[in-house]
């Protein structure tokens, strides 16, 4: 249910992985390449990852979600490589019998990803390029 | 961006309605027909609505979301009629430049819908049928 | 005056109809309408505590509000969208 | 002992390589490795405050921790998945 890929992501396919007859709610977060960051125009992004560790940390997040919200199911697919504006960078889908857990678990997974999954993003801007989080 | 329909819903199509180049986040909630409610096995659901008022209340919710979370865009599609287990009853998609607003706005829209949109659900169970919220 | 009454879900089943016209004296209120409908459809009686009323597609909680000729009043049982 | 060092993102660009083997004396710590890498790749120096270290795919924050022969140490600049 965790996947890193250089190919385009399909949110519907990720969502389908967590659907089941005993689940009444699916929440799907899609992170897209935005055309700007603050005042800077963004032309494209380049993602790289420490792949085996990224998968390991994502799997750890899945385990944490399972433990904190029993009955949820979560799938996380992250794109790597070169992405242009409008393309999908990440899809996180969470299902549960009821909606409350899907919100809490999905939000938790995103915040954990942003903190600890070794994926790196370079913004190629009209006026140069920067590693996000570093500013240079 | 508000739609009531007797036809099957496609979450991807609803999500597509709120995507745009200046948005980095799309959150899509999908409500599905579950195979049980508490101890009761559910065979199917029958949704009916006070259609013009339901659309009006949904549009009011959209206006509230616009006012509270400027920069968000929201689409709400709700299915009516007879649905079997696993079918999609509602899709609520919210986009925004950043993720926090998508979670807050989507959650808000769902809670408002559950409180005030005149849509009614009859559960056809193995052991009889009930109007949800009324228990008879 | 004439009021158009709409019934949904359990209210529709208990009234045995989805819509009907009801004639009330001038100055009648929502409370008067409730009395008239209960007299006409006894099975509605136990449902009233669970029903909200909408006048011309907006919820109205003040049952002392006078009705206007030609208004549409909907009986809204517990909603459960989603 | 020999340590495999992996560089990502800004660290990779500043080191001029994505991976290299580094030989350290027995008992060397992460702090010793940082000194050795800085001596080898001066451009890494300003990056250290922003870099976390992972040993065999797990973050290690204690730089006094002794390294084991054959360990893989990765320099992890600020992450930004999503």
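Order of writing sets the labels: A, B, C and D. Residues in every chain begin at 1.
Convention: a contact is a pair of C-beta atoms (placed from the backbone, for glycine too) under 8 Å apart; a residue touches a chain by one contact, two chains touch by 3 or more.
The shown structure was predicted, so the numbers you read here are calculated from the model rather than taken from an experiment.
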Most distant chain from chain A by Cα centroid: C
For chain A paired with chain C, centre-to-centre distance based on mean C-alpha positions, whole Å: 49
Chain centre separation (chain A, chain D; CA means) in Å: 26
Shared interface positions of chain A, touching two or more other chains: 31, 99, 110
Junction residues of chain D, two or more chains touched: 82
Pairs of chains in contact (touch as defined earlier), listed by label: A-B, A-D, B-C
In the complex with chain B, residue positions of chain A that touch it: 11-12, 15, 19, 21-36, 85-86, 97, 99, 102-103, 106-107, 110
Chain B to chain C touching residues, read off their complex: 31, 48-50, 52-54, 56, 78, 89-90, 110, 113-122, 131-134, 136
Chain D to chain A touching residues, read off their complex: 6, 8-10, 47, 50, 54, 57-59, 74, 76-82
